[in-house]
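One chain, chain A, appears in both complexes that follow, with chain B as partner in the first and chain C in the second.
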Partner chain A sequence: MDQFSTYHPAINFFYFAGVILMAMFFNHPVMMAEALFAAVLYSFFTLGTEKALRFNLLAMVPILLIAVLFNPMFNHYGVHILGYFPNGNPITLESIIYGFVMGVMLVTVIIWFSSYNKVMTSDKFVYLFGRMIPALSLILSMVLRFVPRFKKQLEVISNGQKCIGRDVSSGNLIERAKHGVRIISIMITWALENAIETADSMRARGYGLKGRTAFSIFRFDNRDAIAAILMGLAFGITCIGLALGAGAVQYNPYFKAAGINPVTPLSLLTFICYFLFCLSPVIIDIMGDYRWRRLRNSQETGISMTGADESLRNAMFGTPTSDENNITDAERMSKGKIKLWT
Partner chain B sequence: MDMITVEQFNFAYPEASKPTISDINLTIKEGSFNVLCGKSGCGKTTLLRQFKTVLAPHGKTTGSIKYKDQPIGELDHRTQAEAIGYVLQNPDNQIVTDKVWHELAFGLESLGFDNATIRLRVAEMASYFGIQAWFYRDVAELSGGQKQLLNLASVMAMHPEVLILDEPTSQLDPIAASDFLETVKKINRDLGTTIIMTEHRLEDIFPAADQVIVMDAGKIIAIGNPREVGVRLNLDHHDMFEAMPAPMKIFAGVDGMNSESAADICPLTVREGRQWLTGHYAGQKPQYVKVSAARQKPPVEHKTPIITVKDVWFRYDKSLPDVVRDLSLNIYPGEIFAIVGGNGTGKTTTLSLISGVNKPYRGKINIDGKPVGRMSGIERFRGLIGVLPQNPQSLFVKKTVELDLYEVIGGTKERKSDEYQKDMPKKTAVAGMAKLMHIDHLMDRHPYDLSGGEQQRLALAKIMLLNPRILLMDEPTKGLDNHFKKELAGILYKLKQHGVTIIMVSHDVEFCADYADRCGLFFEGNLVTENTPRAFFADNSFYTTSANRLSRHLFDDAITADDVIDCCLQNDR
Partner chain C sequence: MKKVLRSLLLCLTLVVVLGVVTACSDPLSMLTGANNANANNGEVIELADNTEIPEDGVIKAAQFRSIAGKDRTVTFTGKSNGVEYIWSFNGKNIKNPQDQNLKIDVVTASEDLNKVKTLANSAPEGIGVTIKQTSGFVTVPRLTLKTGKKWDVNAGIFLKYIKKDNKVTKISTVTFDKQVQDQTVMTFNVTQGGDTYYAVCGKSGSSEPTAQDGNTTGGSSSSSTSESSSNGDGSNTVTISISCATVLNNMDKLNNSKKEFIPADGWILQPTQVTFTEGQNIHDILQKVCQEKGIQMDSEFTPAYNSAYVRGINQLYEYDCGDLSGWMFKVNGWFPNYGASQYNVKGGDVIDWVYTCDLGKDVGDNSQY
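Then we have the complex of A and B:
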């Protein structure tokens, strides 16, 4: 379970904007390796082990291979010639390397985006960008409501039409098009008619009054502040390092990268900070897991020793009301049992 | 204190010759529960909307409506938004935003409250209405009942003093509907919010009502507490009495209910009705316990079924559980078969299997001995199967009823096509169908301007023009008042006489008991039992009509109000 997604949307967005931009603009091999590693690792937290494995192996590896194969076919720069194509064009080491680099960059960005989709849900996005223009946040929210609704209604209508023998998936092209147009026409009438009621409902609840506010369920708390400072620091140092040339690299006509041979203190610092920045959600998740496990262990030992260490429990979870108390007791019992049996 | 007073109020739409509502005199007391009832199109909604001026239609008004001694037109938008809450019919259309929490906050945002206040109010509402479990969800994931509850909660978050509800349960299934009504009652009881609502399901709401207002043709014809209103309607022999709760109808049929004083002893609920009936026979078992032979339908000899469903299994996806399991079922030509049962038991899915829209992964479905799966869409839906969708609007294409009817048979041009293969001229066919469905007086109206019952009849007319021999209907009585239900039943009987076989899925046990030839109970994707309605409902103890629940301790097989009256009259003779 990913915990980074419970942080403030601004932090989520800052992180993804940072890593995705960096991955797109800097192709220093060390940084790319770090980013790919962090992206893959984080995808295990956001997508779940099974889905992440399938996604990374079945979709990402082929993309990488295609990039490695295709680049040398169309690009022939570089000084290390490995052989020749039948048409006389050279195959160069540099073009293969650059194909690999392109592939890694593409794959990294795609993996980041798959995590982004899980973390930055629509309401977070609306919240962040609605703040700049309050009316926009409502419009975004309404659009997000309409899209699934229209999709569903379209299904209802096309099923209704299917039941009078007008199926878009059968018949000749003209018939199909006619049926499709008819469905759209029904859809438009339906949408316009029903929008009147939505407008009524908005007016009935005071829409259009002066001084409308925008409510949000997100709060910027201490945890967010600490994360923001640390992540900002790592990102800041990375940027300074890059500005000073730590990320310089060239693939044409021959491969040359700054800070690898020999390793300079500046490049080492930059790479470490970049790595930490990329890994920050993973670090947060692992730390959270560890803390949770420790808390649960101490709770269970407390229970098994005394059976009812109320003061400790209350200190940790607040004073429970009487029926909540029963539930936690029952849960505790069942947990204790499971523990005994296993 | 009086919350709303209406004096000599009239309203006419622009350019209408006569007023839509007239001579309305009405007082709504603070904290009272008011139910407004009447046939569809009698002016209920028009009147309700006058109480919320931002929603009031344009037109000419005379007389006065006062909110707390202040003319309602003088209330500013802000006070009105805050003090008068309005919940509309359709659960989906009222929801504006994509998240549950945002929807709850919508009204408060409009009023300009700060974040902390909204947070508190929203949390309060979520806890009171039991929404916290789905607080962060997308509204698209909610069920109809949850959506309507959300609409109610988001209006209540603004702390209104008057809550107006316009047929809030008409789009919900009965279980969700009675949950919703319970919540409305709870609001009235716990918070003292004044309630004004229109509703068809009077049986649920009557016991809680302080004042019932019955309207007909734009006028108030009866007003008072529920019992008084029942007595008045009965004395006037008004057909709105048909809509009254079953205990009241039985009482009127047996006792006569001929004087104003009957209002003191008239039963309202099943419990009261049962006690009254026991008292009527002084605790003795009556002599005749069966419904008289005249009311018993003669048993029908069934020969060859038109539809056979044999050992059918179905699931929507390989990884999902079975929706229909091991279902076997025979439907005979020319009968009305009603499938009843709870939500999610596979009733609607079964219809889609019979119509061939979904295909079972095991088992056979034959129509006239021919497997459904082998027929093409044209074969199935032109002249064999007609499916009436739950939402009739999904069939309407043209701008008038008449054109819409022509549309389904390939336009107004007189030529044969695969949609229309009869020799009869199209004009005769359309006119005849319109007459059969009682929509001949609406031919030049826009389909969307019709009432719910009329829209449904138009949809049915469109389907029937394709001349199907089998008609499948999903919840045909949803949102219909008693009057329209009766008309629908009349139409179904006529179709039956023409040899059409009808299969309907319904939650409406009263309707099935009255009009079906056979009923089947669905549970866990399977038909648990099927029988004639009389045997079926007389055997059930919970899943049965209120007339049966009221009388089952005395009579063996009375399942409708008329049955109970019939039994009583046999004994009282």
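Then we have the complex of A and C:
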């Protein structure tokens, strides 16, 4: 599971702001490859393997292909002419490459945002910005939740309509269309009302007033400080490297990128730091996973429980049956009966 | 009842909207119509074969519309400084009628005229005309001057004096009417206006006037026979050239990544003879020659102007050399006020694609000013 989301919201936000802005403004092929790799990898941690696979393959690959196909149809710059369209404009290698670059950029940013939605929940966002910019942060947190929330509500409404035989799947074509329109109408009514209700309830709770605390309380502890320093260092070096021209790239009229041929120390350092920055949540997750496994192994090798612990465990999980009596806690844990016991 | 009425109203609205959309086959033209100054109402005023130029000199777009696209020549006459002048417009190449100010002031003696005569191989005779039309001509008109005096000349050129550089550039060749005995009657093509131009004459051989050809923007001497009459010479070849010489004077404004695509002398394609088939337009010729020579060329069809727009040639695109830069074309020295797909070429045409860095001003087109 994702450990990075348990870090302080400021670090979560700093990370996503950093990677999304970098992905949008720098299209150096090495950096894009790193960002795409990290985004896809991290999406497996945030979305879960099955959903991430489905999302990346079924939604992102087609977007990439469309970008690759469409760019050469409308742009004809480039010195490598591969052929000609029926209207006489050249098909160039450069425009295809740039289409691919645009597609990768788009896909990377979308995947980052899908992770962002899982990690930066509304309460975290409001905790960060609720006092600085109360109105804007409320709107932003509502807007950023807009699509997933609407999708969920749409399902609720259409299930409700299905119960009274008015779903889009029943009736002839005209009836179906009518039902669809009705569902959307209910949806919009709900959305408008919900927006006002949200605003009212926030006001009723004194949102934006002086001295008001947030719903969730986060503590900036040592773990967060270490992560902030390391991530800030990687990001800072990347920024300096980019400012010195390590990310310079040109796709029009021909492809030319800094620091690829030959590889310069500056560009190498920049790319490594950027890669580490992009991968930092994955590194944190893997490290956390590793630590958990080590702790479990150390329990298996002999640390037994005291009597008090034993009785507490029995109170919580019931008295062990006779054949379970001889099983150690570690074995029980590995079977998944006890999640975490220290 | 109310429901029926409402749906009826809805249907009616739909029909009206559909009707409007189909009636206006080119929805964009409604938006761009405003560009064609006072030309959007499509009014037509029939032109007589010969019209006297009015006091303000303006012949209306509506009048030109009556000859637009037809192979018919009309004349306009006026008089200035004792010199009678006659404009003749052929409607064949008029696609986009505009108001034209045909008033000219004739200069028979001035300091500039003397300078021009000296510059043009010390020509013995000359006359200046100040053309009031500032924004380009709808076609290439011929201007005839009846000087009132008899000059002993048989060769002449019509040229432009560039005061800044103190040099002259040729616009067209002057022909003389040998039938008239008592005075010199000369005729020449006019491709631009808004300035004072000079027709200088001399004897062929000894005092034949010379000037740098205005078409050779590239700098190197051109062997192109830019002096084709507007009727074509019947052959099936045209001369095409592509030049970005103006960029050489504006290297500071040029996009850095495009520097290596600018040839040292400005010629992307030296004047080249190409054959064409009947009905091909200038855009087709450019596309063909670029594909043959392997020159990259990017154009897009623009429905609003019913023509292709050339965005870039040889990686040099619009806006690459300042905000006012882009590709323009001229035919026999004239910048048509319509797109390259609208001009069907004819034998002997000289087509020049030129890159401007100043909305046409630096290549000799004043139509935007």
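Rule of thumb we're sticking to: the second predicted complex is superposed on the first by the 218 of 342 C-alpha atoms of A that agree within 3 Å, B and C clash if a C-alpha of one lies under 4 Å from a C-alpha of the other, contacts with A are read in each partner's own complex, and residues count from 1 in each chain.
As a working rule, contacts are C-beta pairs under 8 Å (C-beta built on N, C-alpha and C of every residue); 3 or more make two chains touch, one makes a residue touch a chain.
Quick caveat: nothing in here was measured; it's all calculated off a predicted structure.
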### Task
Please work out whether A:163 is in contact with chain B alone, chain C alone, both, or neither, and reply first, second, both or neither.
first
### Query
In the superposed arrangement, which partner chain does A:76 touch: chain B (first), chain C (second), both, or neither?
second
### Summary
Larger residue footprint on chain A, choosing between chain B and chain C, goes to B
### Query
In the superposed arrangement, what residues of chain A touch both chain B and chain C?
none
### chain C - residues contacting chain A, complex
257-258, 261, 287, 291, 294, 296-301, 311-312, 315, 317
## Note on the structure
Given the complex, residues on chain B that touch chain A span 52, 54-55, 77-78, 81-82, 85-86, 88, 90, 92-99, 101-102, 105-115, 118-119, 122, 136, 138-140, 151, 154-155, 158, 355, 357, 376-378, 380-382, 385-387, 389, 391, 393-397, 408, 419, 448, 462-463, 466
## Note on the structure
Given the complex, residues on chain A that touch chain C span 75-79, 81, 84, 87-90, 92, 250, 252-253
### Message
Considering only the defined contacts, which chain A positions touch chain B in the complex?
### Response
122-123, 138, 141-142, 144-145, 148-149, 152-153, 156-157, 159-165, 167, 170, 182, 185-186, 189-190, 193-195, 197-198, 200-217
